[in-house]
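Labels run A, B, C and D following the written order; every chain starts at residue 1.
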Amino acid sequence: MTRLVVGPFNRVEGDLEVTLDVQDGRVASAQVNSPLFRGFEQILLGKDPRDALVYVPRICGICSVSQSAAAARALGDAMGLAPPPNGEFAANLILANENLADHFTHFYLFFMPDFARDAYAGRPWFDAARARFKAVEGTATADALPARAAFLQILGILAGKWPHSLTLQPGGSARGIGASEKIRVHALLREFRGWLERHLFGDSLEAIAALDSIPALQAWKASRAPASSDFRLFLEIADALALDRLGRATDRFLSYGNYPTAGSPFFARGVWHAPTGTLAPVAHTDIAEDASHAWMADAHPLHPWQGDTRVDIERLGAYSWCKAPRLAGEVVECGALARQAVDGHPLIRDLVAVSGGNVANRVIARVLEFARVVPAMERWVRAIEPGEAFCHHGPMPDEAQGLGMVEAARGALGHWLVIRQGRIANYQVVAPTTWNFSPRDAAGTPGALEQALVGTPVGEGEQVPLAVQHVVRSFDPCMVCTVH
Amino acid sequence: MTRLVVGPFNRVEGDLEVTLDVQDGRVASAQVNSPLFRGFEQILLGKDPRDALVYVPRICGICSVSQSAAAARALGDAMGLAPPPNGEFAANLILANENLADHFTHFYLFFMPDFARDAYAGRPWFDAARARFKAVEGTATADALPARAAFLQILGILAGKWPHSLTLQPGGSARGIGASEKIRVHALLREFRGWLERHLFGDSLEAIAALDSIPALQAWKASRAPASSDFRLFLEIADALALDRLGRATDRFLSYGNYPTAGSPFFARGVWHAPTGTLAPVAHTDIAEDASHAWMADAHPLHPWQGDTRVDIERLGAYSWCKAPRLAGEVVECGALARQAVDGHPLIRDLVAVSGGNVANRVIARVLEFARVVPAMERWVRAIEPGEAFCHHGPMPDEAQGLGMVEAARGALGHWLVIRQGRIANYQVVAPTTWNFSPRDAAGTPGALEQALVGTPVGEGEQVPLAVQHVVRSFDPCMVCTVH
Amino acid sequence: MNLLWLQSGGCGGCTMSLLCHDARDLVALLRDAGINILWHPALSEQTGAEVIALLESCVRGDTPVDLLCIEGSMLRGPQGTGRFHMLAGTGRPMIAWVRDLAARAKHTLAIGSCAAWGGITAGGMNPSEACGLQCDGDTPGGLLGADYRAAAGLPVINVAGCPTHPAWVVETLLGLALGELDADGLDALARPRFYADHLVHHGCSRNEFYEFKASAEKASDLGCLMENLGCMGTQAHADCNVRPWNGGGSCITGGYACIACTEPGFEEPGHPFVTTPKVAGIPTGLPSDMPKAWFVALAALSKSATPKRVRDNARVDHPVVAPALRKARPK
Amino acid sequence: MNLLWLQSGGCGGCTMSLLCHDARDLVALLRDAGINILWHPALSEQTGAEVIALLESCVRGDTPVDLLCIEGSMLRGPQGTGRFHMLAGTGRPMIAWVRDLAARAKHTLAIGSCAAWGGITAGGMNPSEACGLQCDGDTPGGLLGADYRAAAGLPVINVAGCPTHPAWVVETLLGLALGELDADGLDALARPRFYADHLVHHGCSRNEFYEFKASAEKASDLGCLMENLGCMGTQAHADCNVRPWNGGGSCITGGYACIACTEPGFEEPGHPFVTTPKVAGIPTGLPSDMPKAWFVALAALSKSATPKRVRDNARVDHPVVAPALRKARPK
């Protein structure tokens, strides 16, 4: 049994440390820690509830809008406010812009560069991968950065700046959008669509979204040369490296649903239980955070509304700053794969049914969301009615509770808010990667990544096992969200 | 003898009409007209001299800064003002930015697309040329437009906007530049340099500037595949089409010199007499405009200070709104080729010595200026001293004369100003294309283009002979400058 | 939608400006919105006869013209003959072509102040008898007459400016293509309101100087340009500072005053462009809907209130006094 | 120059913001200025042991560190142990690594308000004992001490903001690489003056509303945000409106107030962020060097002079009254 402490783990958002017990060339046990603790939940205590909109986005720079959206929804829940149609469209566009940008960043900057490592030299796909995806040096970096920057100009128009915008409000959007902004956003969306169709897919977004089964996906991949588009190249690499047999966790997928219009979400909410192929509703009351292996006091599971964040640095048995959220006591996985599975996309359901949650499927689901969400964004922007209200207003109650549930890029994000005497009495955030990268709970059950890593091959002499990196990064982890 | 009236002649700046007498598959005679007359010299009469800075840039959208610079220098000359060092650097940067952008626009948008015409289908270089240079559709358009836009952001920083900036003043620049602007301009220059090195040359600018002879040029061209860079592709095409034997005019080259630092121009002023290989100085007093074949009254040659622009639409023998400027009575050619020849660049001198002014050489000279001017711009921006003055000020005299001589992208631009009673009494502009595309003078001598077109082959059934287009566009004509 | 672009009595600067659009792929952007470029003098391959054939097809109605973009003034001279601009190769006045094509167009756009009002070409004594498509300066009418309505029912859309901002053109084109731009989107002068409802003054980086009436006295001074150097930003309908040019510039950041190039008659302000007409020391040009009396009072008061930083920086070409650090939080 | 970038008690937003730089090729831009990225957590390939080896090499001085960029707060807690952030895989507090590396760096940059002052992480009662590299809020000192000077002689350069603008970072890096940024280029808080000498208020598109004290009353209103909604733009040292974000946005164009994220202590304004503290109806936060008396007078008078257009538009989320047309030239 060999113990490897892998860190710093980069090309994730934040600082990540993974401790592995390796035996017979495979991971026998894994413990995950985000070594950074800032205490946002403590910072928020006693603040004016609206100030949460300033603090919580700064939990994370990469999913700033998601946190902001969740906070706005929690506040809206507490205040009894819901956005008008324009507010919904604007909020959807803002959130979708960030979420897709996250996916884009993950694919091009965080995930794919691992296939351009010298360790893969000699593979038939390596030269193309290296030329395209080599960290910093590859053409993808030079192409992707401006594309991403241009795409995020949508946020510049709709939310002023990114990260950390205050545009999202409990009652909608603080930014009235006129015809000019509509046109500009539309233009930017079309431009981004063009880039995706040209570089990522080599095909129309609709064609990608229409892929409805594994055979269809395979057929699409075979229709052109692997290097003809980035996604094809990934599929080529995934097949070659059998990524579909790497990083499987609990196959229980949680999605809070997202992008509501007139209250109806574009992506459905629920829990997809892959082994049984069943979809169950989500009751937030089933959620409890267990700090038994965290450097936190009071380890027994608490619903976020009762949650308490107090540090106990000397806690025995603790190895993480991360609490262990559980849904009805179960470990779940969240993210694009969960979203699409819960939403019932046929390709994703097919993939999950065959191979569950794994490195390949997670990436495929993430990429699929480009094809599904961009067209939706085009519809949302066109639906905006300049001149109509974008934001509803209302008083802040002295006593209230609020819940904000949002699908961030990486999955289910929840904000639980308690207001007493007009001030924040409790504010608990359960972020997507908190679900995915949680430590063991009181029952000793490892978190999703901890489970996913078991069995991962470790090469001879590998200090930082590549397969482990693939698995870890396939979740698109954000440690600053995980521990806040 | 067939007469062809070619027009509208696009991918030039403005409206151009060329009347050809074709004989034996070649042009026997050519007459050039800019069919648009606006009367700027009339508009300016009686105005406050400073207003010239508003009006004259709007003679032309593509060389707005050149006109502005010439006006500023003429006013400076009249007021006895010269810019401080910072003013010189700023002005150089502003002018160079426009000039290089003009070259860039000409090469990618105006000139090269002619080689992507179906008429050249079948040529070994055609596919690459079509994919790259096809008007609107070619990759060059998609690549070049953003590159040009980014490059012109230098003007956004230094002059507020483009075209039509009032930043250039008689005493320097109205825009104080700080460290931040320096850094940004430098970054934009480096970015543009990167683009040029990556797409246009496939080599460093210094390497290009260092090419000192035809053999060196040929060797450089041969070192890589023709399609490896746009310039190589042009060279390939030029060789294939013997462009060096197309469009030769008088081989007398006029350059007013440009980009002064501490009064010394970066490019020398003079007249290069290719046949004799001699360089002569320029005396503006040798300049006279002959309106004998223009729809103008009072056709005899006049020095611009005495010039008068009065329309005579019924003038017999007139076929142009363009006057015929002559230097000591001679037809001269101006532009990049002239500048580099006058400045003594060895490659250009070599080329001119061998084949004179022709389509290929003009393009080569223009492209060469990227390699020579961009590094100079980098030096100018670094030379700026934030905090030091950028503009000198002084009173406008009631009675004065002023002369502004500038090298626009297309060549020698002169503004002659007479002030009486504090108002403009006379303002005469002799633009580069006025030199190049002038009609016959009183002596019947055709202008430079008219001479260059003689002998150009005309294909069977060609209504708009391709070779003619090559020749015409090789001059990078601007008809709105020509006739103003 | 088919887009046909013609240039006449202008400088071509509006096209040059358009080509500075910050889109990664401008052509693709237009194409993506369903806009097909029939012919553009700077971009299209067709030259000469090919162009003439196209124009004639459009005039005949064989080729639909959805977006007729005219850049440059309509030169009616000399003596209304239009001969100051005969379309090359056709021997026919440009104004004639425009009239014919406009009759066929679904939308007719005047690109730039030249095409909108006559613009700079109408300066001085207007030697070329320049006018706009539907305005002659600030007088309705122009080449096509005040009553002209394109096939879609809208008047000539005056995307005015000299040059016109690339985004103004693109958004107008996209707006028409996407059906987002209708009569309500045009101001009284038929300018797209998405930019014309702004004032150049909005977002001007010299706002603090304006607030304290700390004014530039000469070219290169940092202060507000209104008091002495002729800035008409408070009257000019454009968003040049809210939506800057060329990556972040504007006339004012370039160190010179706004001359209200989007306005009809900008070419003849009645005074030297870069000077401010005054009566009794008070600029005659004021914020477009602010009474002078108020301006006088405010101006005097705010001048008195000018912090040294603002006052000093207004008169130099680079900031010499930095804003104060906030030492203590407000109570 | 070698650039080493480490993240600690922040959100990574400054990196995310940097990657939004409008350069066509950001990496090439840096490379072009001679900047070699040794390691960046979001961009570099090296993971785990490779990184640790690199850091140790830098600490030893074997690998020169010319530009040490630190993003995120320095977490001294709990009880000064720094255990709230142990660099993954090293079992060593991040603050220890930073101290060692700073001792070797030619230039040390605090990227973002977290690294500069402690920033948002120091909010509330500062549970993590967060501080900046050389400032603890608005108190000099921080992790490295007030006396720290990098090898080149400059103090920690505080490229503060939350996030920090991509151009601020790039220009600072380029400025150092090109030798354009020296001590004179830093303000009293060691922020680069090219942005810190501006106020957010400069170039704010709501300037006309500010001028007439026509204020927004609620989120989404178009008016000036200072009077009611907590905008600190007149005090915040940044050029967010002069040099907008993400292609043209800013906090204020996004519909919300500037919270002065570039300032030390912005995380605890002493009042709810988007509200304006007032005394006797007068906002306590005024333009940083403007006497309140003037504000009172100007505000009163300018409110009286407010055109209906400005007054009405201030309180809606889209313009409802257009600027008046200028019917005739001023005399």
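Note that contacts are C-beta pairs under 8 Å (C-beta built on N, C-alpha and C of every residue); 3 or more make two chains touch, one makes a residue touch a chain.
None of these values were measured; they are calculated from a predicted model.
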Chain located farthest away, centre of chain B as origin (C-alpha): A
Where chain B and chain C are represented by their mean Cα positions, the distance between them in whole Å: 26
Whole-Å separation of chain centres (CA-atom averages), chain A against chain B: 54
Distance from chain D to chain C - Cα centre to Cα centre, in angstrom: 35
Per-residue multi-chain contacts in chain C, two or more chains: 22-25, 28, 193, 244, 247-248, 253, 319
Shared interface positions of chain B, touching two or more other chains: 146, 150, 178
Pairwise touch network: line, ring, star, complete, or other: other
Complex contacts: residues of chain A adjacent to chain D: 5-11, 13-17, 33, 35-39, 42-48, 50-51, 53-55, 58-62, 64, 105, 109-110, 113-114, 116-117, 134-137, 141-142, 145-146, 148-150, 152-153, 155-167, 169, 171-176, 178, 311, 313, 386-387, 389-391, 393, 463-464, 469, 478, 480
For the chain C and chain A complex, residues of the former touching the latter: 23-25, 28-29, 32-33, 167, 170-171, 174-175, 178, 180-181, 185, 192-195
Interfacial residue positions of chain C with respect to chain B in the complex: 7-17, 19-28, 37, 39-52, 72-73, 75, 78, 81, 83-91, 120-121, 123-128, 130, 162-163, 218-220, 222, 240, 244-257, 259, 261, 267, 272-275, 316-319
Contacting residues of chain B [partner chain D, same complex]: 146-147, 150, 178-180, 182-184, 186-187, 190-191, 193-195, 382
Of chain C, residues touching chain D in the complex: 22, 138, 187-189, 193, 196-199, 201-208, 210-211, 235, 237, 241-244, 247-248, 253, 260, 263, 265, 269-270, 277, 279, 283-291, 294-295, 297-298, 301-302, 304-305, 307-309, 319, 322-326, 329-331
